[in-house]
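Okay, here's the structure, questions in a sec.
Chain nomenclature is as follows: A, B, C, D, E, F, G, H, I and J, assigned in order of appearance, with residue numbering initiated at 1 for each chain independently.
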């Protein structure tokens, strides 16, 4: 089940550089582990923003919250979630029919 | 080059049913043609909304506008465009490096 | 899986009274059928508004969209969807643990 | 009398971890006490947000404010209140009529 | 129990003058009946707006919705409801204490 | 002349408790003095908010600003002002006519 | 007593040209009469908008509403009112002191 | 003197095609005449929108309003105006200094 | 050439009182100098707000930015600028014609 | 390929003056280097704002993000990006045709 997730990052201006580097490294590792496992199939940078648009593939809403709330950057993010359904014009439906 | 495009459809309440059916059929055909050609790699229904979230893959902004403005539903849509860039955590970069 | 759904109704001022009565009767029947089947466990009127706040219980996002898009009032509604997860303070968790 | 209450939590980035743990423990105990007594019949996590959507059942507006303003997290919350009324399509009304 | 209610009126530009006069006369009669009975203790015109700010005194949310949804102008209004509680600085509390 | 005034209070999370207690005590005394003199005829707590909705009765805009800007909490408030006029449906007008 | 008033005009696209010309002529005459009498000391066109920013000088809020609600364009306007007070840096105060 | 002007076009869904074609032709001619004369140095389509972002070069605010209010599409446009000044980092300043 | 300028002041809660007093004194002197020279013909306090609505009279946009950016309170202000043009109903036009 | 970019700068009130001067100097140098190379063809100050409206000319979205995210002021900016396409009324098209 897919969800579009827009994540805006707001780091405090006076954040300790080592703390910041550590969080960003853990965020990257966490994201890549989920990408490899298929939970996080798409991640794009919104050009000119400290934001990403992602698509997550999870079994249910509880799992969605678990995945997002464990993001190392979660306390510094503003997050918007949009549940996605199959679009009736999606050509993947044509392939299923055939 | 990728763009996230959110399309909200607002059809007039008194639209002629035949006109409506015709526009929707042409919209579907247009979208599926672009999906097949790789210009419209993702289309999702926003659950509970008469809206879709799509990702378009075009050469430049002129082509993006051409594709969107020729949508049969374009006159009835509210459209938001977000230019997408490669995210530094995207695992596709790891594969390129190896 | 639960979703909070806020539905605001905007009927055209010049809607034919018979058409309106028919849509409202079908809306009520549709809602009550889903309530009885457990798909629509909560429906509340937002006091002073032509709006309701509902909780739907569906298997996935596709089913959520199916249920909402088939509402007879769907073309006249503005809908906001919030995916709900279990809250860690929910006492239902205590009961599960015991 | 029911009220929908959306609570968004914004903790300061530099909050002392012990102070934070203490507040969260008191918040949980306070919420669970009210859940058990029937004052707080529903609490859901908004997936991907540090927010909850709750339904409170209180005698009047004074009691509603008393309950909410005594939340240990109240100084860190942004709260929206929606008074709820019985919906005319609620099947509970059918049961009352029979 | 008090509620602040902001009512903004939006009449269609092409409304039939007789229909309009009839609705406005019924709205006035309805409001004045409720004012006399104590249900509608305050009504003020927001200067420069086709809007009023009112305070309603009702037993519960169901009664609030009943009163507002029966306004002859209800289909043409945008309504905001704010539940009001006793303010701890209200001098009425001093009088009660003495 | 009446004005509706919505006051939202935002105290800094790290405010010294003694300073806070002192400001709140002065705010209460100031408000009650104005209530007794008739300048501040109504004050209500917006349920669930650190906000009040008040009605002030002053001679003119200069006096309104003087009263509000001398609130001890003024530097910590977000304030919205709505000038109020007599509503043509107000039953007080009936009494004046008789 | 001064009020800043921002008036945005929204005429229906299908308004009868004669009706429109008549309303605009009456609006101009009404405005100029009030300008000459000192009630409407300033009127500016917001460049590029079908809007004006005006300053009205009236005795009280009731008079303000009377003046604005009698504008021939009132049913087609969106109006924002800001009560104005003397600014402590206004050099008119220096002249009064001397 | 430069102004950034964002123009959003909203044509009625039921506009007569001949009327529409005529307005669009006159709009194009009007714009091109002003472009050639130097009054309208930049016009860009906002990709995916029925909108343009333009820069106008006029002597003063009166001329700006004259130019914009005479646009054939003016009654169908939502317009935002931003007055532009020389930026201190603009390299055109370096050339002036040398 | 006139511009309406709305200035909202947001001073940090922990600003040093001497620094604050110095800035406010310089702001007042700066404003009054410009008022006397005719550059700042109107300044009003928005009642109940730490805001002013002003009208500035400058030769062009560069001068407007120069005047505003040199305000001692500029770093603490949120500023909105509206370019003003002559209104066709302004009675000053009648005088010019005669 | 052109993008309109609105950049709003928000520097912390307590920023060290030397740090600030260094960032601003580097920002200016960075901007001017890109202006000279043709990547940043337009930069304007929004009058009365600590903001600029710019037009960037880059090969693709990845380059756009690279250019913007390397701005020394990037961590202190709120940025809005609008992809720009050729406008069909642009007289540059006439020249190309001839």
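To be clear about the criterion, contacts are C-beta pairs under 8 Å (C-beta built on N, C-alpha and C of every residue); 3 or more make two chains touch, one makes a residue touch a chain.
By chain, with names taken from UniProt: A, B, C, D, E, F, G, H, I, J = Muconolactone Delta-isomerase.
Computed from a prediction, not measured in an experiment: that's the story for all the values here.
J.: Which chains sit in contact with both members of the pair subunit B and subunit I?
T.: Looking at subunit I and subunit B together, the chains touching each of them are H, J.
J.: Spell out the chains that contact subunit F while also contacting subunit J.
T.: Chains touching both subunit F and subunit J: I.
J.: Pick from F-I, C-D or H-I: which pair repeats the contacts of B-J, with over half of them the same residue pairs?
T.: H-I
J.: In whole angstrom, what separates the CA-based centres of subunit F and subunit G?
T.: Roughly 27 Å separates the two chain centres.
J.: Indicate the whole-number Å distance between the mean C-alpha point of subunit A and the mean C-alpha point of subunit G.
T.: 50
J.: Roughly how far is subunit E from subunit I, centre to centre by C-alpha average, rounded to an integer in Å?
T.: Computed from C-alpha means, the inter-chain centre distance equals 39 Å.
J.: How many Å are there between the centre of subunit A and the centre of subunit E, using C-alpha atoms for each centre?
T.: 45
J.: Give the residues of subunit E that touch two or more other chains, as numbers and ranges in rising order.
T.: Where subunit E meets two or more other chains at a single residue, that happens at 2-3, 45, 47-48, 61-62, 64-65, 81, 83-86.
J.: So, with touch as defined above, which chain pairs make the list?
T.: A-B, A-C, A-D, A-J, B-C, B-H, B-J, C-D, C-E, D-E, D-F, E-F, E-G, F-G, F-I, G-H, G-I, H-I, H-J, I-J
J.: For a test of understanding, state which residues of subunit C touch subunit D in their complex under the given definition.
T.: Residues 2, 4, 27-28, 31-32, 35-36, 42-48, 52-53, 82-91, 94 of subunit C touch subunit D in their complex.
J.: Which of the residues in subunit D come into contact with subunit F in the complex?
T.: Residues 3, 5, 12, 61-62, 64-65, 68-69, 74-76, 79-81.
J.: Could you list, by residue number, the parts of subunit C that touch subunit A in their complex?
T.: Interface residues on subunit C, with respect to subunit A: 1-3, 60-62, 64-66, 81, 83-86.
J.: Residues of subunit J touching subunit I in their complex?
T.: That would be residues 11, 13-14, 45, 47-50 of subunit J.
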